[in-house]
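Heads up, the next two complexes both have chain A, just with different partners, chain B and then chain C.
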Partner chain A sequence: MSYLDLTITDMHEALVAKKVTPLELAKEALERAKANNDNAFEGYMDEQALSIAASLKEPEVNNPFWGIPFVIKDNFATRNFPTTGSSNILKDYVPCFDATAVAKLLQAHAVPIAKSTLDELAMGGSGITGHKGPTFNPYDSKHERMIGGSSCGSAVSVAASIVPFALGSDTGDSVRKPAGYAGLVGMKPTWGRISRYGLFPFAPSLDHVGYFTRSVEDAALSLAVIAGRDLEDSTSSTRPVEDYTRLLKTDLKGIRVAVIKEIMDTITNPTVLKAFDQSIVALREAGAVVDNVHFDKRLLGTIYPTYITISCSEVTSNNANLDGIKFGPRFEGNTYQEVMFNARTAGFSELIKRRFVIGSFALMRENQDVLFLRAQKCRRKIVDTLNDILKTYDAVYLPSAPTIAPKFKDSHDQLSDEYLIADNHLAFGNFAGLPSLTLPIGFEKGMPLGANVMGRAFEEAKVFQIAQAIENKTGYRNLSAKEVRV
Partner chain B sequence: MNFEPVIGLEIHVEMKTKSKMFSRAPVTFGAAPNTSVLPLDMAFPGTMPVVNKQAVINTIRVCDALHMSIDRELWFDRKNYFYSDLPKGYQITQAKRPIGSDGYLDIEVDGRTKRIEIERLHMEEDTCMQHHLSDGTLLDYNRAGIPLIEIVSRPNISSGTEAMKYVEKIRSIVQYSDVSDGKMEEGSLRCDVNISLRPYGVSKLGTKCEIKNLNSIANVEKAIEFEIARQEKLLLSGIPVEQETRRYDEMHKETVLMRKKTDAVDYKYFTEPNITPIVLSEDFIQHALETCPELADSKKARYMQTYGLSDYDANTLLLDKDVSAYFDEAMKHSPLAKLLANWISVDIAGYLNKENKTIVDFPIEPKRLAELITMIDKGDISNKQARSVFEAMLTSKDAPRVLAEKLGMTQISDTSAILKVIHEVVDANPQSVVDFKAGKDRAVGFLIGQIMKKTGGKVNPGLTSKLLIEELNKR
Partner chain C sequence: MKEINKNVLKDAAHRLLFDMTEEQYDVLEKEFTVLVKQMDLIGTIEGIDDYQPMTFPFEVSTSYMRDDIPDTPLPREVALANAKDVVDGQIKLPKVVG
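The block that comes next holds the complex of A and B.
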């Protein structure tokens, strides 16, 4: 076993004990990244990685990120390094500043290894729409299964033990869904907890910076590094950053967990249900009260259309800057409209253009009332319902998906209850901006299954506490696709 | 006239804050193109708007001066359109909830007061400057993102003169509150006019035209008067007015067609998700108002009531904010308001006119002018001498007292010194004493002349004459 296979905490110990150096880790991470064949990367950061790693000589005992290699989703701006959003329209774009989350990791002397692939401009949940084609699930050597998106490359990076930490972004479930398909801990904290400065906007009212780790403890440690007020993002919270690990060793006495019955009713896969039930036993054993609660099924059915309407509306405006004049490849035309039209036609994939059209349509004067504003009302209702549950419960706990990672050929658009509700419910955590964490709870056919803990706003420490109790019971810590193969 | 003009004004005021509305880039005027620009101003992906606090403070001040109700929550919206004057592809503005609503401004026209109602006032960001050339367009993003206040009147303005007075007063408010330079010539105050005509007594509005690109307050009046006449002529000939955007051609003194208006563009407004609503506390608003520089109306009341200036004098000083600031500064060093006002509106104004300068470039500091005025008031120098000292002050930093001495013109106001000369002169001219006693007033004049001759004209004439008569009466 290599030191690179360790979690952040264990790797940190090895670094402090000087059993391994940041440079050795960085070199091996780069090798593994390049050897990986899951189509997970947009660019390898050899130059930065090696020069930063080489400069790290004396271990910093109290800094768990010192010398830790990490991967960055390619929709975070990286200074002097191309950032494509996995879209042709930004193919050669080189930002002149670092996203705040990236800057904070660099300040902590973590070592950037690569920029990872995503669904084009973070739109999509499959990991197949990036400009370089589909990203594969490393747990499936036959490359038949998706890893989910949009943070597909970041999920691969951590699941394949290329790095113990990767930045992602989560607008609907783009960190938490792939985390479930890849046996990872995927975390998005409260909206405003981590600055979004430098994250390419998809739908700002729903966008969150998130990340992948291979243990709950790593996830708790990481948040303190990248959270905090940022003057460049006025929506970032002024609350002080906490020690998010402080409750990890505390049992769950007095903790109340809610399971939404109407969502469970749409899940039919027995392995998923069994693993989930076992994790509930674990929660109860740790002292938590776990109850079934109700959530109007019709309202649950609106989550997906509400998400699509709001996110598409916001995204059409957010990407209006990519017009082939300021950004993107130049396509000539007789008028500025033609230049923009040609650039945007060639630069965006069909899927993206479809979303722009949906968003534009929803925002049109004559449609706003029945589409965009109605979606806002739905969002408000869903959030109110969720927050009502959280008045009496510390967390909502649910499977992160109704199945293991689907095969590419099985992917479909049918609006079944399972698809509408079980497959897309995580977005209500984005509507409400609540802290939400996915962690592994089982396997089927060698493919991981995940569950999700969602807590009250700014109660991240409690979310980690609950997740830790589950991890303690399952023992699913530091899972790696390198060892588990079908 | 057969028709009633219905006129509404949209005024854009460019604020002179240190940084832009949502970006830390400095607000500069006259800097090299595209140098006052940060990634946010060029819409680099991932940059986010941060609301400029001073711009909010400024806007609150203007809202208050226009008697508007101030929204206690700030909301911003996106106005979406594809055009290169804003690189984001949208402008951040306040469409749904403007910070100010339902205000008014009273103006004086021909001695009577008219209340112009104001519908709304909101903050937004300016677009970039476009220089259209024959073979292309150059874009200067220095201006993109500069904070703007937009003030939308209700259409209850009825003439070019009213419109002009309204713009003048708004300019005065934004200038005095230090919000803006308020210069139409330089584009820091811009005015679009909506104008339609309808027969008197008819309530339905006629088709309106918009006039853009007015570059002076005088042109606001001229353009409106022309446009009223143009539309009236059309209507009287039975030709309908078409909805158009027109501009004012200064050379030919007429409005000319820019473009026909088609269906209004759908800007697909929605709430800016990167700015969460900002609550304005009463304390914040109060502080913004308490720290607001004094506005012209308040200054005028002070000039007239406290300083006893006439309406005319007060207006003259207040016409230019910098002139009134000069006056206020001078008043700190000399309480002689009337004299100061005279000197400022006659001597200084004359100089500035002649030299084609503004008071900002005037070489004499207010403190120095106050010193000069004090010397006149004390009788240290005569008005005539003061003008020579004033001339000298234009090219010298020396105090007026020093300059007066250098010019050898300081008056002798010391009673004993004057008495000494009086004694000498009276003693030397006994016949004059006799003449005086005989009631010949000429004698006084003659003796004063002698005294002046002896002192080189340096004695204070009033004082000397008083002392001389006393002395003659004693003899």
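The block that comes next holds the complex of A and C.
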């Protein structure tokens, strides 16, 4: 057991007691990152990491991130360090500024170790579309199973105990889905709670900064470090940052939790259902009332197409600046339009070109009303229905996926209820901008299973409270793939 | 809604200034047959057109006038550092007029 295997909270105690130094942790984290074979990294930040870590001499008792090594998804701008978004169109791009979430971690004297792989420009859920190829689930030594995306490399970093914290981003479920496949706590707070300045935009009405930890307590501690109003992001909330750990030791008396029956009906895996039922028992033992509630099944089936239509439409304009002129590889042409055309043709991979085309098609004059606008209307109906449930319940609780992490070669019927509902429901949390946390609840064939707690806007502390009650019962805290590989 | 065929998909790609191979358009055309069925589900929701389009999760009131803060703008060499073809402090592109 190394100090690097600990959670943030326990690592902090070891740092304060001077049992280990930030430099020792940083060196070991870099060694582990370089030894990892899951294709999780875009670049190693040796120079920054060792320089920052060496400068940290006297532990800050009240700063839990002092000297803590962390990993950054490669769609967050990092000053003077390449940031590619796992896309060839940003090859060699070096930002001149830090994203606010990164800057806040640096201000807290956390130590950046590496930039992690992602689905190209965060547009994917499988972790296979980045320019360096597929990222593997560290729980599966055969490398047959995905870890999910788009925050695939960040999920590996924490699941493989390379670091106890990694930044991710979540537009549909890109933190919370991989967290479920990797035995992690994956948190996406309320839309606007964390500044998105310096996060490459995918679909700004849905984009959230999120992150991975190996315990609920760590997740609660982390939010206070990176949340807050930022004048560089006009959509960031002006609400004060809270102590998000304040309810962790409080039981769940008076808490009401809703389970959406029509989503549960689409899940058939008996291990998932059993683990989920056991976690419901844990919630009830902690004092919560847990009820089945209803949600129009037909409306649930529209979450995925609504997500695809809106996100692909928004991204068409957000990535218009990727033209091979101001940054990225240059391709010659006879006109500046040809320069852009050639750069974009060579720079984007097939999958995201297909997503761009979907968006372009939905925004065509003839299609806008029936596709894009109608998807936005559907979003409102879904959000109204979800928020109606949350008028009488503190949280919605569901499995984060219907199965363990799929194999790369697995195929799905994309019109089935399992695909449209069980596998893709988490996006309604992005539609509504609600705080949403995935945590581990069990294993099947040595692979983790997750569940998701989604609360009311800006009630993150209550989401952590509910999740903590589940973690207390399951004991699934500080899980590491190093110990459970299949 | 526009009928989907390869030419429409090419038009959609070209509007965003990129191209794909013929094989990739073939794959995309097949993908669209499923996608359209998924999108059609939205149209089956009763009263969907009575709803107002939702553009953000909730209203954010951020209208305010901040104080002016004197600052140094981004130096030109930093702004141009990532451009691959720079001449005399400007990004070089093909001539627009002869």
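Assorted remarks:
Basically, the second predicted complex is superposed on the first by the 483 of 486 C-alpha atoms of A that agree within 3 Å, B and C clash if a C-alpha of one lies under 4 Å from a C-alpha of the other, contacts with A are read in each partner's own complex, and residues count from 1 in each chain.
Keep in mind that, in the parts below, a residue touches a chain if its C-beta (ideal position, glycine included) is under 8 Å from a C-beta of that chain, and two chains touch if they have at least 3 such contacts.
Worth saying up front: this structure is predicted, and the values here are computed from it rather than measured.
Counting the residues of chain A that each partner touches, chain B and chain C differ, and the larger count belongs to C. In the superposed pair of complexes, A:313 makes contact with chain B only, with no contact to chain C.
By the touch criterion defined above, A:381 reaches chain C but does not reach chain B.
After overlaying the two complexes on the shared chain, residue contacts for A:326 are found with chain B and with chain C alike.
Of the two partner chains, neither chain B nor chain C is touched by A:159. Of the two partner chains placed by the overlay, chain B and chain C both lie in contact with A:364. Looking at the shared chain after the overlay, A:99 reaches chain B, while chain C stays out of its contact range. When both complexes are overlaid on chain A, the residue A:232 reaches chain B alone and has no touch with chain C.
Looking at the shared chain after the overlay, A:205 reaches both chain B and chain C. Contacts of A:345 after superposition: chain C is touched, whereas chain B is not reached. Taken together, the two complexes place residues 93, 96, 205, 231, 234-235, 316, 320, 323, 325-327, 336-337, 340, 360, 364 of chain A in contact with chain B and also with chain C. Chain A meets chain B in the complex at residues 76-77, 83, 85, 90, 93, 95-97, 99, 196-201, 203-205, 231-235, 313-314, 316-317, 319-323, 325-327, 336-337, 340, 360, 363-365, 368, 372. Listing the residues of chain C that touch chain A in their complex gives 1-2, 4, 8-9, 12-13, 15-20, 24, 27-28, 31-32, 34-35, 37-39, 41-45, 48-49, 51-58, 60, 62, 66, 74, 78-79, 81-85, 91, 93-94, 96. Within the complex formed with chain C, the residues of chain A that make contact are 92-94, 96, 191-192, 205, 231, 234-235, 237-238, 298-299, 301-302, 304-306, 308-309, 316, 320, 323-330, 333-341, 344-345, 348, 350, 353-354, 356-358, 360-361, 364, 366-367, 370-371, 373-381, 383, 414-415, 420, 430-434, 457. The residues of chain B lying in touch with chain A in their complex are 39, 42-51, 78, 80, 82-84, 87-90, 266, 268-270, 273-276.
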